[in-house]
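Below, chain A partners chain B and then partners chain C, in two separate complexes.
Our next item is the complex of A and B:
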């Protein structure tokens, strides 16, 4: 399983403009596996925890509005993007440059999600 | 009682100096006709200024009438305040109504604590779930800010997520508020973002105009989603 997760991380990280890719437990925000280019260690763990929390809040708000499961999440900011998809307790998170092709990243994230299933 | 009042009234008309005004005023007071009772008692006291019973009766009726008027004034003020609150709440719930393009769209303004300030968030049954959505999104702005700071991504502009039934987008506003818009899955993402921008602009203007006299809204209704 771990080699499978590593393969997912590697494929996501090969996308142009991707600075980091992580697999995170939504429940506790812990990193399951990651590839980071913006820093290592504590920084990545914090980002994982925060990304998991954001994803969880989105999922719970969708529940509250009876909108069904969250399939794809995208955070846009001045200098980059954060994209995430989730299944069960796992959340795949990608941090990318503003110039990155979000459409391709989205496709890769859904492919990765299929691999996780 | 009505017969007695009529009889005492006739007697008082025949004999204006009669002390029957005491019984008549007391009977009218008991019936709640305080204004008439006070008038009769006061007129009797004017004719019999040394009558302590008449003075006591005037004082009692005047006191009761004053309390009644005070209560009526308080009720009127309460009704007026309630009406103003309802009008303000209704106006707040319609904050984004003219910006929404169809019944599949909804928009909500939350404060920094997740309380609803304006707009509505209706589910597929037309029930306003704004408070529930606000509660779940409480604190999300702060966590996004922390995330973007750790990642060096700069200020966040929007968060968008797709669900089985809808696409949802949100953006920060002044005073750490949050505008949330939702639309059906068939809505193009670009259109949703344009709607979000317009709602954010409306919210900013509204917040600037109502700052200081606004309060979180607790209910509302309008139809939407999915």
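Our next item is the complex of A and C:
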């Protein structure tokens, strides 16, 4: 299973503009596996905890609003983008440059999600 | 959430910590079990019990770590059905303190650990650096008196002392 997870991480990290890809436990907010290309002052544990928290809040909000399951979460900010998809307790998180192709990242995230099933 | 501290420099960092980490309860104590600050507790007896058990768990896990790994473990996490706790020591210029944090499904271990590191930094920055301000070690003979005084400070009244004596 771990090699499968490593393969998912590697494929996501190969996308142009991807600065980090992580598999995170939604419940704990802890890193299961990751590949990071951050500068100093940033770390995967911080991204994992906050991304898992955002994803869980989105999932609970969508559920409370009777909108169904969250399929894809995207957060755009000045210096980057955060994309996440989830299944069971695992959340796949990608942090990318603002110029990255979100469409391609989205496709790769959904492919990765199928691999997890 | 109500936050109270025996020493004022602890209060603001602890308040930020429980807000950011969305903790239900938190207590900061001396490794001897003497309470320094609390957040979310409404009864002094609960704080007393939490401090005694946290100090014991900290001592036990520290010794287990030393036996197994040559040094004390950094943190301890217990997950219950609905509540979880995180217990970890932090070192400041005033000495070592232990922090017990209780949280539920509105937070996560990752978030608590993340903001605990910020609490560690903020307490270290806020701690008075003068040697004169360094607390004297609590002797066994003085422990109950000190505990009563701290509980009275946290719950602002003589009832804390009345409960213990």
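Just so we're on the same page, the second predicted complex is superposed on the first by the 113 of 117 C-alpha atoms of A that agree within 3 Å, B and C clash if a C-alpha of one lies under 4 Å from a C-alpha of the other, contacts with A are read in each partner's own complex, and residues count from 1 in each chain.
Heads up, the rule we're going with is that a residue touches a chain if its C-beta (ideal position, glycine included) is under 8 Å from a C-beta of that chain, and two chains touch if they have at least 3 such contacts.
This is a predicted model, so every value here is computed, not measured.
Peer 1: Quick check on the superposition: with chain A as the shared anchor, is it clash or fit for chain B versus chain C?
Peer 2: fit
Peer 1: Vertex at chain A, arms to chain B and chain C: angle between C-alpha centres to the nearest 10°?
Peer 2: 70
Peer 1: Applying the document's definition of touching, compare chain B and chain C: which contacts more of chain A?
Peer 2: Answer, by number of touched residues of chain A: B.
Peer 1: For A:62 in the superposed arrangement: first (chain B), second (chain C), both or neither?
Peer 2: First partner only.
Peer 1: Touch test for A:46: chain B only (first), chain C only (second), both, or neither?
Peer 2: A:46 contacts both chain B and chain C.
Peer 1: Would you check which partner chain A:115 touches, where first means chain B only, second means chain C only, and both and neither mean what they say?
Peer 2: neither
Peer 1: Is A:27 contacted by the first partner chain B, the second partner chain C, both or neither?
Peer 2: second
Peer 1: Note down the smallest distance between any C-alpha of chain B and any C-alpha of chain C in the overlay, whole angstrom.
Peer 2: Chain B and chain C, overlaid via chain A, are at closest 8 Å apart by C-alpha.
Peer 1: Per the definitions at the top, what is the overlap between the chain A residues touching chain B and those touching chain C?
Peer 2: Shared contact residues on chain A: 46, 50, 53.
Peer 1: In their complex, what parts of chain A are in touch with chain B?
Peer 2: Touching chain B from chain A are residues 19-20, 38, 43, 46-47, 50-51, 53-54, 57-58, 60-82, 95.
Peer 1: Taking the touch rule as given, give the residues of chain A at its contact with chain C in the complex, in rising order.
Peer 2: Contacts found on chain A: 24-25, 27-30, 45-46, 48-50, 52-53, 56.
Peer 1: Which residues of chain B touch chain A in their complex?
Peer 2: So the residues of chain B in touch with chain A come to 121, 123-125, 129, 132-133, 135-137, 139-140, 143-144, 146-148, 150-166, 168, 180, 182, 225-226.
Peer 1: Sort out for me which residues of chain C touch chain A in the complex.
Peer 2: Chain C residues touching chain A: 107-111, 113-114.
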